[in-house]
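Labels run A, B, C and D following the written order; every chain starts at residue 1.
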């Protein structure tokens, strides 16, 4: 991490977005962090688009569907599933740089590196049940519409249950982040974000009945196991994206407390979206 | 041990316990085995519970000394919970 | 919330902050984010429950009749005592009587533990009578709400542990942290008050 | 004195693992002429039941199971080289570590499906077909971590701005090229025949050649970087 001093960087150019991006690529000290942040923002939007609009697997369908209904379900979104999950498997690896960026926030805190490493490994695992297994099961289901309905129903369950199978990952991952934030003296994140991690962790407990119920509010499409949890997760994600952006603006690459943001000054270079 | 807060906390606790016992009476109305839906019992149970909640927040959690914003936010939550619980109860039962 | 957070320095003196008329946030303002957010989440659980209940009122009432109202009242009273003692713990710590504060914290733990035991016994009784998580919709909600509350209570013991740790040594004694932990504990209490009314009393 | 840090040993495991992978693939009867996704359930079942094929499927996949994670030491060495680059944060090295945890697991999962299919070849042909589909789709379409690790490595190299960068810029260009070439394989579900199908030109031949080439090229440049680093260290200490 020997600092590459850029010397006197020229002014941020006004004008086209492309020129600004080129400027940041060349001169912005925080470009690595911004790459991570933008990957997070683009990925979460893309994730919403792919899962909700293209593949239409979220909000989840009913777990109580019968085998013929499941065959019909695969039939109805044949191309959506195949194209949607193909794109998911192309961009799925982006989670690596996202989780690396989030792990870096813990590295910047005054806590042991064990927190950053734990977080990184835990979420590297999460991608598998959270997206990739689901993608494989949906692709296999959609690619042969004439498959035996009993097996289609197995693939359907495998897809949605594997998605539920991220419980432990998010539970422990959120708790690791929570403890790091609460112990941190570098004020990387406000303490309330630490507590918000606890709320997110608890939703992973609430989702557990989805393994038992095929209908009702506790099923995988239910009012409690899905809708409430999704609301909490979206809030949590929005909050940490906002706080992460603020943290990058405040970053001084030191080891002590992060300086507060000077709000009355013009935004620092790097806030290309602030204007 | 004659500090002011001791008396106040004791009084609050006694009041909360008394209300709880009142709820026991409320819940015991009628035969346990053959209960029927009862909007009065339900509304009273929810309203009494919310009053207790507010007392806990104001007294035990010391929100009465807190900045106005926090008082408003906690009251807002109490009202929101009351409205949505009673609202969904009546909409679900009578609509 | 950041303005609230930065307005109050984290390490406050144990005494002298309760001057008359001065308004202060009990504990870390950050904890109130947890309290309000988690309470909102519980409001959605409660609302869903109440609505589902109105869709099949007879089933819910029949199953509800198998709960023991007296046990519910007992649980509520036990938690109210624990809340009371943690409030006393905060007050006495603020006055500098750390011995009394510590005793009150232990008392809170004791009553919290009593609640846990009584809850487990209640579950065992229900299960022995053949009412489990999957028996019917009422019991699903009953086990769900009591269990998620139980979990919050277990987390509460971590907070109480922090409070005891703070009070024990003269080197620490952050009144703010003690208040933060107490705030969490009261939250468990008031959420239970609602759960009690909804599961045991309402019709 | 040169410190015995074992990096060279880890590096030299690479050709060994590569050779084992290659022989496992050649042994697996489904790869020499890649199985067509257009095969019917009966044909797939017959493929697994064939007494010629069955032992070869099992033994090749057992070997693949042993060595599927064999690439991880190489990725760990890449992580160490990224740490030497002129970056402000460890984000890129963390990201490659995350890829190292995720990528080989994909190969393992595919391997498990193949072995499960071969475990009871007498199973209902529809079930064998499903396990076979799961194996091939996992193996072919899950290129996300491979793409990510190439792109991240390329970014890290481009942003390594110092006198003597750890890797030359062409390594970054090469990695981006590999990433692009891997993309079509993600679409294997869409076609049972043609270049996109899992036995097709793009999804099988181009993709797997690219992965093989990536291992060879990265092995060589990694070896050069490590040798240069050690020469530097030695010059500094003497």
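One rule holds in what follows: contacts are C-beta pairs under 8 Å (C-beta built on N, C-alpha and C of every residue); 3 or more make two chains touch, one makes a residue touch a chain.
Since we're looking at a predicted model, the values are computed, not measured.
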Comparison of A-C and A-D (more C-beta pairs in contact): A-D
Distance from subunit D to subunit C - Cα centre to Cα centre, in angstrom: 51
Centroid of subunit B to centroid of subunit D, CA atoms only: how many Å? 61
For subunit A paired with subunit D, centre-to-centre distance based on mean C-alpha positions, whole Å: 25
Report, in whole Å, the distance between the mean C-alpha point of subunit A and the mean C-alpha point of subunit C. 31
Can you name every pair of chains that touch? A-C, A-D, B-C
Help me check something: in the complex, which residues belonging to subunit C touch subunit A? 1-2, 5-6, 28-34, 37-38, 41, 44-45, 48, 52, 133-134, 137, 140, 144, 148, 151-152, 155
Within their complex, subunit A touches subunit D through residues 1-4, 29-33, 35-36, 81-83, 85-97, 99-101, 103-104, 107, 116, 120-121, 123-125, 127-128, 132-133, 135-137, 139-140, 142-144, 147-148, 151, 154-155, 253
What does subunit B use to touch subunit C in their complex? 3, 5-6, 9-10, 12-13, 16-17, 20-21, 23-24, 26-28, 32-33, 35-38, 41-42, 45-46, 48-50, 52-53, 56-57, 59-63, 65-70, 73-74, 77, 80-81, 84-85, 88-89, 91-93
Which bits of subunit D are touching subunit A when the two form their complex? 37, 83, 86-92, 94-99, 101-103, 105-106, 109, 126-127, 129-130, 133-134, 137-138, 141-149, 151-152, 155, 159, 161-162, 183, 186-190, 192
If we count contacts the way the header does, which residues on subunit C are in touch with subunit B in the complex? 4, 18, 23-26, 32, 36, 39-40, 43, 46-47, 50-51, 53-55, 57, 61-62, 64-65, 69-70, 72-73, 76-77, 80-81, 83-84, 86-88, 90-91, 95, 179, 182-183, 186-187, 189-190, 193-194, 196-198, 200-203
